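Each of the next two complexes has chain A plus one other chain: chain B in the first, chain C in the second.
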Partner chain A sequence: MNRTYLAGDLRALGAAGLMSWRQIRRYPALLFGTVFWPVLLPAVWVLMGQAYSGGGDPDALNAFATRAGTTGVTLFVFVGFLMYMWLSALLWGPGTALRQEQIRGSLEAVFLSPVSRLVPLFGPTLTNLLFIVADLIVMGIAVWLLFGVVLPLQGVLLAVAITIVGVPAMYAMGALFGAGVLRFGEIGPAVQFTRGGLSMLCGITFPIAMLPDWAQTSAAAMPPTHIVDAMRNALLKSAGPGDLVPAAASLIGLAFVFGGLAVVVFRWLEASARRSGMLGRY
Partner chain B sequence: MDEVRAAFAIARKDIRNVSRYRFVVASQVFTPLYQGVLPALLFGASFAVAGHVVGLEKSIGTTDLAGFIFLGGVMSGLVATAFWSMAMSIRNEMETGTLEPTWLTPTSREAIVIGRALGGLFWFAFSQVAIFAIGIAFFGLRFRPEIVLAAPAVALAVVAMIGVAYLLAATVLLIKEANVFIDSTNFLFATASGVAFPVTLLPGVLQPIAYALPTTYAMDLLRQAGLGTRPLFDPRLEYAALVLTTAIAYPIGLWAYRRADARIRRLGTISQY
Partner chain C sequence: MTAAPAVEVAGLTKVFEKGRRTIWQRLRREPDKREKFVAVNAIDLRVERGEIFGVLGPNGAGKTTTLRMLATLLEPTSGDVRVLGLDVKTHPREIRANLGAMLSGERSLYWKLTARENLEYFAALYHVPPKETKPRIDAALVAVKLADRADDYVERYSTGMRQRLALARALLPDPPLVILDEPTVGLDPQAARDLRDRVRELKRQGRTVLLTTHYMEEADQLCDRIAIIDHGEIVALDTPAALKRRIRAEEVVTLEIGMAGEDAPMLARLANTAVIARSERHNGTLAVTAHCASARDFVPAAFDAARSEGATIQHVEVVPVSLEDVFISLTGRALRE
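Moving on, here comes the complex of A and B:
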């Protein structure tokens, strides 16, 4: 019986992913952003880095290296923005999926279907995994063509590996924030604020050493910090697979913590939404 | 006189609408702070040697990182006001289905954009005052008294941006779903104006575009006056270029807006979205 349910849920998950893919294909203009932002956002920050370093002044670059552990400002920034794009897609993905159903008036109907709650939460966001890979490719090409930085093959493979390890933790975080839709409806501004806060906390645009001690300690509890750090180590400091094991272990541990928390919060908010009738309102 | 009253009425309506959403009002101050100013300050400070951003001095002639970033925010905010408050609000009227009734009123189409400009500029001024107050209180933001001398440059930039807003409003009227267009062109316009870094760092092919924008000169004049940065050109030449680009941008924008208005009325697409 359980196996039947599982097979049905997996079919429903695939169908939700397919639905999302069809919708994306119908609006090709929106794909413009998948090339525009991953290239231009970090490019502007690289040029800001050139302005702040006086076009590569050795003293300024050494000062940066003491805080960031590298003088490779370009790759440092691009890796940070790769995480920024993923934060946008993964952190807000599950919440967006629920919110869209809520706005269209179909959330109630979806929740009446006999499938696991994981399906409406994660099914429509399966396509985000494609965008993660697309961002990696687009940014790798951009950093090479615009700034002449060639990514090391081992670094790229390790970056992909750490991404795969980090996806469950990121999705768990996304589910935790997405559950808020069930209680509050429009949580866009709150997620914007969270994304901005995480961007600052996790060393996306500047070295984490610039933060006060309490913020650095908090950052260690956030999955993006470990992913960004591991990717920078792989791409900028030629770290090997063994060097990334601690980061991978932290990400797996955080996936369990955030996953467990997300399950509890989601169930609690769903029960609250059923009582208050929030599923049908927006 | 009726047109002026209508423009002020539109501005009042926009101000009232926004003020009803307190989170939106707060986010006008805090979003630029946590998404732009703070990360840029910490990124810039990571290049500091003994507390001085020596690289910035080499690039533009000042180590005043906070001043550089906060003044960049002024021009960035002005550009965003033109793109989102003045031009994109036409799209919002389309979506709520009120554009056609608005178009049927005896108010001139130009007054509709001017009214939105006034409303947008009110919130722009409000957010800048709040951001500067935070900057002075927490980030050691200080300006030279000569900054007041840049007021004519900012005023000219406002006029130029209203011209640009007419042009953008014309585009919104024609293409309708303009979110991606406005978002990306706003980013490009602000970047090419030198809000985040000196335009001399732009790739060679993009520099002529930067020098064709009125905001590039207004940005440079504002930083010269407020921080004593090294000018791109002689300041008198920059003022001349600012006046010239404004004199070009305004009539071109107005012409495009009138053409778009005539076209949507001829094709009957005003109620479409």
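Moving on, here comes the complex of A and C:
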């Protein structure tokens, strides 16, 4: 790829994000979900956890701490759900962006341009990053107002940092589903299955120490496990930057693994779609 | 050195497989038993720079499939395709950068954005330099007569306006070659005329236009040369005038003859003074399409023939030879069948 194409592709990536934002802006009611879901979903689980533990019984909390390394159940669950929302946005994001283009009929028009295929795959999902930040802010306010938990500033900054480090690996996973859209059209069930599986493996609402050994080993190969674990360490266990280096290194390594896989699968399925004519059908 | 032709195609073939081959069948390496459908069958084509070239044929003839292969959206099964001198297999990105295409018309736009927002997005996708983006968008909007509605949402446009906006988008990269798939389909006569005027303007600007249509009048009026395609094969390729000369007639006479007896004797009599292009029997009426040098000679002869066979001519229609008649003479059926 020469430098001219790269500069053009980067501008196109920004333009795709702007195009997506302009469409979202026409439906302000969609933004309501940004406030509603990051509060309601985890709050239900926190209240359930409090009820099951006898309203904060020390023995129950200690038993939880033995498995999770912390007694901060509220933040533990909220961080887990933040990850869940991020997982949903990025697993669905690229695939949904292509699927919407396919159904609307604009996918061929986009693929007729000289722009890199990564632009229509990732560009429209850039708005998801805004929603992730918004979710983090809403979550911080919610745990403070509803449960009296104040997030430590350093922990928040480190959580944002690990989020940024985790973006390539998460997007690479999303790209795998995006590639599936090109060839197979509807891939909703596959995303549902994967999201459900990852929610279970990565310990969204519970410590992964609860899982059998083989499942814990599998969890270590999944980027969300490292992200959610590092965020909990930063926010709940006062971990410093040095403590998060292993998680960051794992995420960068996994980004290469999933990224390489995504490139191979995307090229293969795009070629298949160009042979079968699937680009123009849905 | 002369510039390469805008499009050069040799032995282009596209075969689709019907149905899916399951993963189980692939793993077991079972032979591929799927039914094959030949959409485009070994066509050769050369479009010169600066001409308006039409691909005329009925629905399902292979026009759109051909265009999609030229536009790098569909991979040919076999054959060589060069667009603007570049091979589609090895230089797809360079071809796309120099190609303006309108393939799926109004559906290819973002209806929840304004026309200007649509063009801003596509200008970025076509790598139009930021400094040139606004002037190019303004010029494209003026060219398709949408400048005064540029900031309206596309969902509020008529079908004709959306088609024109899709054409404006195709012009954004300032392409030497523009390909248009059924550009006037679904438009009212005024909107279609308007769009055809825009296409003529493209030719005046020195661009090459390759379009598909199943409207013979459109092909006749617009195109410098036409390829008539049927069942994935080019059955004729020439200028509209030369194609019409092929059937060696000046006029086409359609007769409806009320008769009870056999068709053959009547048709044999008519064939003495004209070429019978088509005949069809509906109960007691025989519909005949005849190509002749002069209707003044043929029609009286047809009345004489009918009288001799005890038949009655119920309706006579005389029209000049059209591309539809060329198509009928080549394929034995009408374009819209």
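Criterion: the second predicted complex is superposed on the first by the 281 of 282 C-alpha atoms of A that agree within 3 Å, B and C clash if a C-alpha of one lies under 4 Å from a C-alpha of the other, contacts with A are read in each partner's own complex, and residues count from 1 in each chain.
By definition in this document, contacts are C-beta pairs under 8 Å (C-beta built on N, C-alpha and C of every residue); 3 or more make two chains touch, one makes a residue touch a chain.
Since this is a predicted model, take the numbers as computed values, not measurements.
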**Message:** Under the superposition described at the top, does placing chain B and chain C together on chain A give a clash or a fit?
**Reply:** fit
**Request:** Return first, second, both or neither, reflecting whether A:241 touches chain B, chain C, both chains, or no partner chain.
**Result:** neither
**Request:** Pick one for A:260: touches chain B only (first), chain C only (second), both, or neither.
**Result:** neither
**Item:** Centroid geometry (CA): angle chain B/chain A/chain C, rounded to a multiple of 10 degrees
**Value:** 90
**Message:** By the touch definition at the top of the document, which applies to A:276: first (chain B), second (chain C), both, or neither?
**Reply:** second
**Request:** With the two complexes superposed on chain A, say which partner A:192 touches: chain B (first), chain C (second), both, or neither.
**Result:** first
**Message:** So in the superposed three-chain picture, is A:111 touching just chain B, just chain C, both, or none of them (first/second/both/neither)?
**Reply:** second
**Message:** Taking the superposition on A as described, I'd like to know which of chain B and chain C A:205 touches: first, second, both or neither.
**Reply:** first
**Prompt:** Can you give the closest approach of chain B to chain C, taken over C-alpha atoms and in whole Å, for the superposition?
**Reply:** 15
**Message:** Touching residues of chain A toward chain B in the complex: what are they?
**Reply:** 29-30, 32-33, 36, 40, 44-45, 47-55, 57, 59-61, 63-64, 67-68, 189, 192-193, 196-197, 199-200, 204-207, 209-211
**Request:** State the interface residues of chain C toward chain A in the complex, per the touch definition above.
**Result:** 16-17, 65, 68, 71-75, 93-94, 96-97, 99, 101, 103-104, 107-113, 117, 120-127, 130, 166, 169
**Message:** Which residues of chain B touch chain A once you look at their complex with the stated criterion?
**Reply:** 23-24, 27, 30-31, 34-35, 38-40, 42-49, 53-60, 65, 177, 180, 183-184, 187-188, 191, 196-198, 201-202
**Request:** Please give the residue numbers of chain A that touch chain C in the complex, ascending.
**Result:** 4-5, 8-9, 11-12, 14-16, 18-19, 22-23, 26, 104-106, 108-115, 119, 271, 274-277, 279-280
